[in-house]
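Two complexes follow with subunit A in common, the first pairing it with subunit B and the second with subunit C.
Coming up: the complex of A and B.
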């Protein structure tokens, strides 16, 4: 049977295997590859200041973290209000190596891919441990377990002298094949590193969702008794979701530590956990594209809020510090409004836009 | 030995405040199965309203305390009406996330007031000399706070056991379908649960504010410490919240009194409740007095 692999006019699946393809048409694949090429090429042509490169790097790191949170909250249906702590576990894995071996040890400056992987591994182990109550309990109690992990993490960082009592632990500059990555190349270099990692992880998640483990997560979220009856182990699946989410968070944490050349307490607080949750909700829980849109939207919003409060400071008085007030207020409003009016998040707008473009100029 | 008894007394003082804070949390959970993550912010709001009425408007503190209870009662009711009413029937998970958003919103609103950045303390209105009880001393503020706490807890217990409204709230928590069929309005009960929770939170806030002074971070922390307390006591048990509150207060005071400073430890009082919480979650998730109908996976 010969069908047009470039422009499909409908579903002509004859097997489940066909239905689970990532790219339905060659056109999709082409667009995706073009998009990736653009992502890699644009910094070579466009001159961007360090400040904006840092913002972009931040967004990419947040996307890595949100991929993990979305696996946990969106696909497995387990709310986590301790995701910043998991990210912190990754950052502090690198930081504790720096503390023991000195911040410019070969292991840190040269073997950084290994360190990032290891941070992911540590994050996964910690995630699995925190998820252990999932063997016996359902979501309400797991929210509380993640919250208590957040509190325990904050205590550990703040009171242990090994972690410098929450002060920044510095991490040395890394080396690439061409030598040490210098100051004005730093954000540029990490943009590519994070981009590559993000593409690998994004494809990994997309593939995971096609496999039996990914479908297990969704099945357990939707009805754990039915999932149990069909031979899945709901408890283990949830622990597994926690471990996966911990892995992503750990990788994000290590990247964060390298990007800021240090790990400090203030990036991993309860507030940060809540803004991660806001990113996941705004992007759209339980969708892969949501994990990309959410962090972009929230970090852009955050920048605008900062500008706005700067503006107010100039206009009225320097004593008026609106930034501390406006930030939680906007985050909270965004979470609540999205949950009330668009629970499927920006991913839903994306879906609508895509169908519209596909069908244009027809209505349906 | 008197050091020990001093710790016991201050543990009971702190614990009874935990109990009062946990009470509102349990009320909301009992009727609507929602974990109210924004509880600490409501406590703080209650405390700040009391302060504003007392100091800025010059109303006598007893009256302003009562007024703040009433104001927070309606405040919490309107929060339920605006944000949560339209989520009835949605999955619990999204309702909990709405309370997380609510926590952020209330944070932002409080940061806009002077209370967000500065510390205030209530004017002294009770004798300053502490009461001495055979080597153990307790200040008048703490004494009055504990008495008010126990009176309120007794009143709430009576309300749930005897009054028609309280019984209908328990009915809703037990079976929503059945209670609807005998003519109980579920939205009304949810609104009332939030309102009473706001009431008790404001009471807790007023008392904490008098004992520790008004610091937003301190007050807000009570909304988080409530979690270990309610898990230890059992999420849906008012009596459990009281017992667990006092146990948690004692644990914290003993940790601060005996563990800190030894073996290089510090700040253990902030850590132990959460470790207790995790242990309880692993081994006895329904807590001490909760109903044994934990949904297992």
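Coming up: the complex of A and C.
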């Protein structure tokens, strides 16, 4: 191991434990802490409108969801195109309570941390159930199984009157120690809540990957027969991966419901599932940082394309429906380009940058 | 002794100093009094000027109105002409100085018929300080009702879902609700049907918008409306509806009530034309008579369905461009002035857009006329006062726009139209429809 714990320019590990540390150098830890401080402090100094706070909150929620999807698809190698449905399960868990008890019931407004946790729990249970076919199915067949879950979810929400036939089920404003979180505090309040949850879940994933359970996921992804031979249970590992993914998605769904003060069907469609998958791919499958970069890149891209679409819409006639086509076209193009030229996603650019900075000013 | 002399001399000096100072102060006091008088006069002048300024603002104001609608994606065929009308009328208001020196700024954003984006646009508009909001989709209007209430912002939605009025006190419908339209059509259907209880199918959009009138129609049937609702179909993106129409024919369906946008209706009508099942006259035995609510018909449907539209019954509160009259002429002139093509100029969705922005502008004009400061609350009050002799005639509708605390559905009159020779013609006179309780 390097004597200099601040600026190690290479890997000098002498034990497996050293390699598994969360922060390899003191500098890494310091940068991380500074970054966290910045994340917590900037809203106090910079004035940002509700629109942009909503976008930022949305990105953070997507990151929570992608952390779960990355565990499933990136680390365990199980492709899911029903992730939005898992997120929807979380949102509709909260919405169901609101429907039965009333949207301003104390459980919804005061015990919201419990509700978020409960939504994660329900997501985990549903994830485990949906993951059961994974004990027998692989690759494209498993994709179809997750697709069917997505379809079942959509149908259920869209047609059951209990779920208001997909129309938004409203959720009341929550309370904090200072009282009711009113409209002008709403997005800032949820920024901090989501940020805290994200940090906890991010560290949890980072830790998970250091444990035998995390290593099991990777082993099953790389070769499930070899993993079986090594004494692991590939089937249960896959179900476990689905359950964990469902938990993250459930938490994201509950946060989404609270942020938008309601749960509506259209936020959890197949299109959204594909968007989530795109976020995971663009960010970098099988990497923790990829779960952060992916949602940021895709949501920001989406915003810019929206602006461009609007520009085109005003410039050209309605018959030339270029604006409508522009969004899916750009979205598809970005995924294809990433798959072709940077299959390791933005996380790889981050790795290259870190390596460069680590060796700087030397090139080699 | 020395001490006494010193004290005496000090006392004398102090007295002299006080005397001199007092004399000087007297002059100063007089000066001060004079200054106070001057300042009082100036203050009175300033107060008078300020009062005049309040009554008659000299600095030009800019009032912001926001519209979020589907300019791309689902239902954009409705949203685009609707938004163009808002844009054009807004320019017209400024060009013609309808608000005097004040300006109107209409912000238009695409939400792709997605509630999340609509919410984002709404937050953006609130940051911008709008005084009036125009919303589009049913889903978002229902989801954001509480936001409208919290922000106390008067909102007109392009959705005529009666539920909008339940979720927000600040939501207004430009015309009667989908429910009233459907019930009015059903009433007409039953009243003009000859023979046994008519069998009816509903062809609806797979959303809250499409489902809006279904339950109320079922309740009306349960309450004694003599018709048999055989099937309610939520359409997909089918390019052909032959199978569905054949099924209806097998079930002896005679009437189809459509609650969706024009493209799926056009597809269905073309399939029906292919099968030869479109009724030649109202309620023809063994054939289908098609009827539609506001967004299901109109000139845009003629453009999409061609000759298959013949005999289609349609109800709305809007006047059509195919009819001569001051409203239609004004709309054509507006569209022409701002370089719109014929399709846009003649679209009833353009008419809708014109009407909602007209209402918003009218509230501003009325609030200004009363010397009110233009705020959301002032405009909301003006909306609620728009009734009786104060009802607003926009010329684009078959009846006046009237709102009150108990009635937030704008135009209470409906007109039935029938497609004849590629044009929708009025059937009878406009009528006021009051749903049976």
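Throughout what follows, the second predicted complex is superposed on the first by the 353 of 364 C-alpha atoms of A that agree within 3 Å, B and C clash if a C-alpha of one lies under 4 Å from a C-alpha of the other, contacts with A are read in each partner's own complex, and residues count from 1 in each chain.
The rule we apply is simple: contacts are C-beta pairs under 8 Å (C-beta built on N, C-alpha and C of every residue); 3 or more make two chains touch, one makes a residue touch a chain.
Predicted, not measured: the structure shown is a model, and the values here were computed from it.
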**OP:** Tell me which partner A:262 touches in the superposition: subunit B (first), subunit C (second), both or neither.
**Re:** second
**OP:** Look at A:134 in the shared chain and tell me whether it touches subunit B only, subunit C only, both, or neither; answer first, second, both or neither.
**Re:** first
Original post:
Given the touch rule stated above, what does A:207 touch, subunit B (first), subunit C (second), both, or neither?
Top reply: neither
Original post:
Touching A:330, do we find subunit B (first), subunit C (second), both, or neither?
Top reply: first
Original post:
Is A:185 touching the first partner subunit B, the second partner subunit C, both, or neither of them?
Top reply: neither
Original post:
What is the contact status of A:158 with respect to subunit B (first) and subunit C (second): first, second, both, or neither?
Top reply: both
Original post:
Given the touch rule stated above, what does A:18 touch, subunit B (first), subunit C (second), both, or neither?
Top reply: neither
Original post:
When the two structures are overlaid on chain A, which partner does A:224 contact: first (subunit B), second (subunit C), both, or neither?
Top reply: first
**OP:** Check the contacts made with subunit A and report whether subunit B or subunit C touches more of its residues.
**Re:** B
Original post:
Residue overlap on subunit A between the subunit B contact set and the subunit C contact set?
Top reply: 158, 321, 324, 326-327
**OP:** Can you check the complex and tell me which residues of subunit A touch subunit B?
**Re:** 77, 79, 81, 132-141, 143-145, 147-149, 151-152, 155, 158-159, 161, 220, 224, 228, 234-235, 238, 270, 274, 277-278, 281, 321-322, 324-336, 339-340, 343
Original post:
Within the complex, which stretch of subunit A touches subunit C?
Top reply: 49-51, 54-55, 58, 158, 165-168, 170, 183, 187, 260-262, 264, 266-267, 306, 309-310, 313, 317-318, 321, 323-324, 326-327
Original post:
Inside the complex, what are the residues of subunit B that reach subunit A?
Top reply: 33, 35, 37, 83, 86-87, 90, 92-94, 96-98, 100-109, 111-112, 116-117, 224, 227-228, 231, 235, 264-267, 270-271, 274-275, 277-278, 281-282, 285, 294-297
**OP:** Could you please specify the touching residues of subunit C with respect to subunit A in the complex?
**Re:** 71-73, 76-77, 80-81, 109-110, 112, 114-117, 119-121, 123-124, 126-127, 139, 142-143, 146-147, 150-151, 167, 206-208, 211, 341, 343-344
